[in-house]
Amino acid sequence: MSSAHCLEIQGVTKRFGGLYANDDISFVVDEREIVSVIGPNGAGKSTLFNCITGFYPATSGRILFYGKDITRRRADSICAMGIARTFQIVQVISDMTVLENVMTGALLRNGRIRRATAKAEEVLEFTGLIEKKRFLGPELTIADKKKLEVSMALATGPRVLMLDESMAGLTPVELRGMIDLIKGIREKGMTLIVVEHVMEAVMEISDRVVVLNSGKKIMEGPPAAVVSNAEVIQAYLGEKYHAAVGQ
Amino acid sequence: MPEQLLQQIVNGLLIGFMYALIAIGLTMIWGVMNIVNFAHGDFLMLGMFTSFWLYTLYGLDPLFSIPICTALLFVVGLLIYRFIVSKVMRGPMLAQLVVTFGVSIFIANLAVYLWTPDFRLISKPLLSGTWEIGSILLSIPKTVASIGSIVTSFFLFLFLKKTKTGKAILATEMDREAALLMGINTERINSLSFGMGAALVGIAGAFLSMYYYIYPQVGGLFSLIAFVVVALGGFGSIEGAFIAGILVGLVQTLGGFFFDPSYKYAIVFLIYLVTVWIRPQGLLGW
Amino acid sequence: MQRLTTKQTSSAAVALILLIAFPLLTENSTAHHVMILFFMFAMMGVAWNIMGGYAGMFSFGQVAFFGIGAYTSSFLLITYQVNPWIGMIAGGLVAALVAAAIGYPCSNLRGHYFAIATIAFGEIVRTHFNNWKLVGGAEGLSLPMLDGGFRDFMFHSSKLPYYYIILAFLLIAIIVCYTISTTKMGYYFRAIKEGHDVARVLGINVAWYRLVAIMVSAFLTAMAGTFYAQYVLYIDPESVMLLSVSIQLVLICMLGGAGSVMGPVIGAAILIPLSEVTRIWLGHKGTGIDMLIYGFLITLISVYQPKGVWGLISAIGKGKG
């Protein structure tokens, strides 16, 4: 295998005082894969995202992006290298319009305003928000805000897009829209890593699923295998969907 | 030489206890509402003037006007919160920063208008003079004020940890949303905390009036020092503010002693800068 | 921030023509003086806005840069006979360097903590200058009487050249601010103002852009300081480094509307004449009424119209459109 994996997580550990939020987590992601990271609350999913994208420094371990070590890099530098992400609590710029928000992302690789505007509009067409380009951030519905955040991330021209609970709080119709969007992003040649709780979505979009519990990786594999695994089900004790799986 | 040093340390402690008393009110407001009360020093000034007028007009010694100062400033704090500050809590950051500035300027100049900018002094307070312990001089009013500061802080501490309302205040300080979810009326806690913050500094004002010049602009410097103390101790931490107050008092006197007295406040500000650079959450903050 | 519409450009041109013609229409020296102060504060307000209204770093210590500019050029003039124009550039550079030195460790401070850090900084600088014998300590510096004329940056017979110079400075500041706001830097500043996380996730080097904002702001403010020194010919820490001047700057920007290019100009246009007038009419008795009204106004604005006058104008504009 000569070509490097897209993303390699090698033994990543993140310690806060005595608490191991991430404990020796390892897995790889290949280009154009969609990998979902699941696990009960507090399992360390967002912490892992923060370590990968440079918002926290990992305590130990390595993270390789197309073979390059990005473990100690700053968040903005990692974005420039091609990994974009969204946040669990949607972060958009509140006194800018939708278009301006996306332009701010586009400016990373399109320094001139005119080009950035064109790129932003292109992204908004793709994500379906173009009609609302003059809306102000706070005026959007939660589903549109999430789409906006995704648009902003896409405008930075990433090769890998990491989404943190982008399906939370969506109606079934909105959910369908987001799932289609994610698939469309993969069609464009990007790789996706997704933290999710909504299992229907996970089942539909994932090539592979990584399961975290209490900071450790307890399993990885194709969706069907993972959700019928006894240890995984036990970790999610009480969640109603496990009974529906395996039918 | 060591005696001079010891004297400076004693002075520093006496000043420090007063700074601590002034700062605990500020840190409470800051911790609960995440708002800097730039008018804090002016509340102090109001406390001082209340004590002064009670003394001048009714002959009431500052020691006995403490309850009145406390009650009066509590009401002032409540009103200012209710009618002014509460309205900017949801507003932009700049508005929150500026509104207490506006209140500060207003109060200070209202005092100038009503009472002229002249410096006043309470000429014959009950507590005056110095104790001599060996060759160390202890100013009696400052010592009593320090004791008052310790006692007040202690009772505040008890109130916060042991009473239901007190615990509600601490809860709001730690996590506003969680407190809301637990059914705590955070708006009421805000008013209460603002009022209490003002009341606490009212007590300080009464004590301070026993030995310090009383004039409308006196609040400015104390405000700034209070910020430094709160930052050093950790925003929201009562214990932190107390310890930091003492430390700042020591730094001030020792800094003036070892370096140049005219730099003593500059050194205090330098402490603030160094603290927020190295440990933004302060000594005991979270 | 949109590029200017034709309507806005033509109104600006008209206003500019009026301002240029103004001193020729009246001989009133006080009026000239008030206008000069207005331009100077407007310029400093625009400079403040670059780091405050746009990048979200609310400085309450801006006066330190004003003072550094004034002192640098004056000291160089007095001691080494350096031309004031060159001294002005030097002052700007010194101020920018100091700003960078202070700004870098404060990179992670936001909101209230940053504000207090700037106050602390301003006060430390003032105390230092009060005690620094090299630059006159509390006695300050008196500028030598040069021949007069443009080269010397000193005019003895009339205020008019000062008027036009500070107006030109104001225009320079406005152009700088406008350019920033309509290009990448402006968008990045506004992202930083929103939050460090949202900025970093878009690939923005937050620390670097914050530094740039602070340095540009400091440079422009220092230019105003040199101007002031050349205008009044005497500076001391109590006149060029007072905390109250910093606060006045913040209020100007807030009143006019932080986050817009012209906001500070509007704010200065209202507050400077107002404070001069109230000072002359009401303040001389030391009753504090002028400041009382001031404080009242500020509180009122913070509560009811925090977006300032510009916010009002935009809202009305949007309503019509």
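For clarity, chains are labelled A, B and C in written order, and residue numbers in each chain start from 1.
In this section, contacts are C-beta pairs under 8 Å (C-beta built on N, C-alpha and C of every residue); 3 or more make two chains touch, one makes a residue touch a chain.
Only a predicted model underlies this, so the values are computations on that prediction, with no experimental measurement involved.
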Farthest CA centroid from chain C: chain A
Central chain, going by Cα centroids?
-> C
Averaged-CA centre spacing for the pair chain C and chain A, given as whole angstrom | 44
Rounded to the nearest Å, the gap between Cα centres of chain A and chain B is 47
Using mean CA coordinates as chain centres, what's the chain B-chain C distance in Å?
-> 32
Please give the residue numbers of chain A that touch chain C in the complex, ascending.
-> 53-55, 74-77, 79-80, 84-87, 91-96, 100, 103-105, 107-108, 111-113, 116, 152-153, 156
Chain A contact footprint on chain C (complex, rising order) = 182-184, 187-188, 190-191, 194-195, 197-206, 259
If you look only at chain B, which of its residues touch chain C in the complex?
-> 30, 34-36, 84, 87-88, 91-99, 101-113, 116-117, 216, 224, 227-228, 231, 260, 262-263, 265-266, 269-270, 272-273, 276-277, 280
Partner chain B, residues of chain C touching it in the complex | 52, 56, 58, 102, 105-106, 108-109, 111-113, 115-117, 119-121, 123-124, 127-128, 130-131, 247, 250-251, 254, 258, 286-289, 291-292, 294-303, 306-307
